[in-house]
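As written, the chain order gives the labels A, B and C, with residue 1 at the start of each chain.
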Amino acid sequence: MPSAVLEVRNLTKRFGGLTAVTGLDFEVGEGEILGVIGPNGAGKSTTFNVIAGTFGADQGEVRFAGVPILGLAQHRIAALGVMRTFQHNRPFSGMPVLDNVMVGAHTRFRKGLWSVLLNRSLNEESERRRKAQELVEFVGLGGLAEADVATLSFGQGRLLEIARALAGEPRLLLLDEPAAGLTPDELARLAEIIRGIAARGIAVLLIEHDMHFLLPLAHRVVVLNFGAKIADGLPAEIRADPAVADAYLGSHASAR
Amino acid sequence: MQDFLELAVSATASGCVYGLVALAYLLMIRPTGIINFAVGEWAMVGAFGGVVLLTKYEWNYALGMATVIAFMAAVGWATERIAVRPLVERGAPILAPILALLGMVMVFRESISVSFPPDPHAVPYPFGLGRLEWGPLGGSYQSFFIVAVSLLVFAGFWLFFEKSLWGRSFEAVALNRRAAALMGINLSRVTSVSFAGGAAVAGLAGLLVSPNVSAHYLMGVPLAIQGFTALVIGGVGRVEGALLGGLLLSFAEQLAARYAPIASGFTQGVPLLLLMLFLIFRPTGLLQARA
Amino acid sequence: MSGALRWLGALVLLAGASFFMSDYHNDVYRKLMLWVTLALGYNFLFGICGQVAFSHFAFYGIGAYSVVILLFQLHVPLPIAIVLGVAVCILVALAVAIPSTRLEGFYLALATLALGQLFIVVLNEGGAVTGGNGGIANYRLPDIFGVRIRGPWYTAVIATLLVGTFALLWRLDHSWFGRACRAIRDNAEAAAAMGVNVARVKVIVFTLTSALAGITGMVYAFVDNTVNPPIFGIDNAFLLLFMVIVGGAGRHAGAIIGAVLLFLLPFFLSPLVGHHHVLVFGLLVVGAILAAPKGLIGLYDAFRRS
């Protein structure tokens, strides 16, 4: 079995008196799409944010390609090859679409400041621009490369998030509820794109609420409830798992 | 010791003035997040209101003071309407109204500069120039007047925020604008009231300090800096913090001027140094907001 | 290499023009070019990198005073004075920038405002070293290799500074560095997630632009051959901000237009409003933010697109 791209071991995160995640264990392999689901408050976002480097954790380990990344600054994690999208789109509103994507490639630029000043980085610049253009087309925004970000629809903004993250040439892509707010057509497009990404060998971790979107797409699913893992397996297994049904029904019941 | 007590009274009075300016900032920052640097100019306009009504037309002091405060509230309301509301409604980033208000600083200052001769203008003392001895404490009538009025204002606002429904809605907006709007609180009314209140308090501060220092069209910026320093020291979260910050700043200034072995001119640097130190090491101030 | 030729061409034009001007016009022209240079640097800090700061003019002053004090009080040779002056600017900038990058939004503005004011206090109280309120006057630029640089030749020096600054900032802007700066301005958290070392970039930009302002100050010191505190005060710091906003923050052309407009406007407004042109500036700024947030250059762009 190939070594995992992402390994999470015994992860525990508390906020004051509240334990958001406890003893969490899972892995993601190369080219694998792992879905993380669970009712509200299950700890999905917290887990996501710990891996992405937004905050640290109280216990446990997170390893990316064998390298411990827990507690590292976000920009260092990105440089290592872990890129993420944001649930509420966060484009750089003062630049056109293509430049937004090029920011994603920030860590891949090799030429330092001196080269820039001495005007010796022009080749790299046009090379990166070409690659960014390819990504823009890959996600289906071809033709909008010079568009003002404000003119994009919500769904298009979501696609931009993904193109921008891909520009960083990640080995692990973290998607934060990518399906939220999309139309059925856009959802189909998104699923195709995510499959395409995994096919390129990139590991994908996505947290999602929308089971109809996730179960047909993911290779494997991890289910959280009250901060702990209650199931880990193939989508078909998860669908049939009574503990999972309980967790969702239970949360409905307590909401009444 | 007597020396120190004299200084303490005058420092308390200055501290109250800084505290009022800090309070003006606070009233606007809490619900909107907007740092309104024009509060210094509002204080200056309040002082000039005193020049017009009290010096030139010799109105009764209480009436004049009340009129100036009411006028300043209107100015604050108008400022919000012109320079803030259109930007907030448009969803502009928070920096936009802050910069627009910086532009208004120039507009206020130059408007006064155009309307009055450039020399300092006298504003009368409500109780004259006498001294009051109150137990071991001694100071000018004006010092005691300033402290009394300020304490009243602070007590009033403290009660407002703690006890009244209006004050609670202010707090709600300060904590979470969206949630407050969902609860039915009228956001634009809260913003209008906060600007009106901020201007009124700033104008009062200007009126209180002007008999001692005279009204001058350049008095706004130093007051704005001192007021903001007081706010940063005390913490943005609580009304009492503004007063505490003002007092600490004032005492630091006057003690340094009196007892520190440095040239007197350098004491102007005290609020500046304190501001930089607090911003860098303790930007949340000394008092924490209530949870 | 056409890029370099264009810069050279601009330099020749700007420097050459000074030889066809009277002394009075030369003086105005020099100061205009200095303001444009400052505005370009400030635009990079504020308009491109999103850092609101009021210390730019303080660094202008630190550069000016340093070179004058080093040359005429400490009698240091010119090349060393220049290097030391730049070093002072860089050190002060680092001392301010490193802790300040943690500050959110307007708090940096206030810390730099306090720095600017503190600088003025130090100047006023500096006694014999800084010349106190009166400042230092009655000196002149030492001869370089026996040559006395003055008149249109000194204007050419200023033109070189302007073109050099512009070229430098232009190169930086059109690179991954410029994009990283804009990303920080637009959404710092997303920038960090994309791999931008936000704190480091902010410190570099602050230090670089402050050092540039300092160098500009050194050149300024020999324009009027006098340095005194009011020149470097808060009013000019505000004016610089206003220039960039009215012209169009984030665009080099905007900085240039804003500087030219607000610098020349008082000359035309004087007969009408005396020295109250600042009132007009205030109104322009408020108007710009309300009606034309992308500044004059933004209006021009929109006009061209329609």
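Of note:
Just so it is clear, a contact is a pair of C-beta atoms (placed from the backbone, for glycine too) under 8 Å apart; a residue touches a chain by one contact, two chains touch by 3 or more.
Note that the structure is predicted; figures quoted are calculated from it, not measured.
Farthest chain from chain A, judged by C-alpha centroids: B.
Of all chains shown, the one whose average CA position lies nearest the global CA mean is C.
With centres set at the average Cα position, the gap from chain A to chain C is 42 Å.
Averaged Cα coordinates give chain B a centre that lies 32 Å from the centre of chain C.
Taking each chain's centre as the average of its CA atoms, chain A and chain B sit 48 Å apart. Among all residues of chain A, none touch two or more other chains.
Across the assembly, chain C contributes no residue that touches 2 or more other chains. Residue ranges on chain B touching chain C, taken from their complex, read 35, 82-83, 86-87, 92, 94-96, 98-100, 102-107, 109-111, 113-114, 221, 225, 228-229, 232, 263, 265-266, 268-269, 272-273, 275-276, 279-280, 283.
Chain C contributes residues 52, 99-100, 102-103, 105-107, 110-111, 113-115, 117-118, 121-122, 124-125, 234, 238, 241-242, 245, 276, 278-279, 281-286, 289-290, 293 to its touches with chain B in the complex.
Contact residues of chain A toward chain C in the complex are 52, 73-75, 78-79, 83-84, 86, 90-95, 99, 102-107, 109, 111, 113, 116-117, 119, 121, 125, 128, 164-165, 168. Of all residues in chain C, only 3-4, 168, 171-172, 174-177, 179-180, 182-183, 185-187, 189-198, 204, 250 touch chain A in the complex they form.
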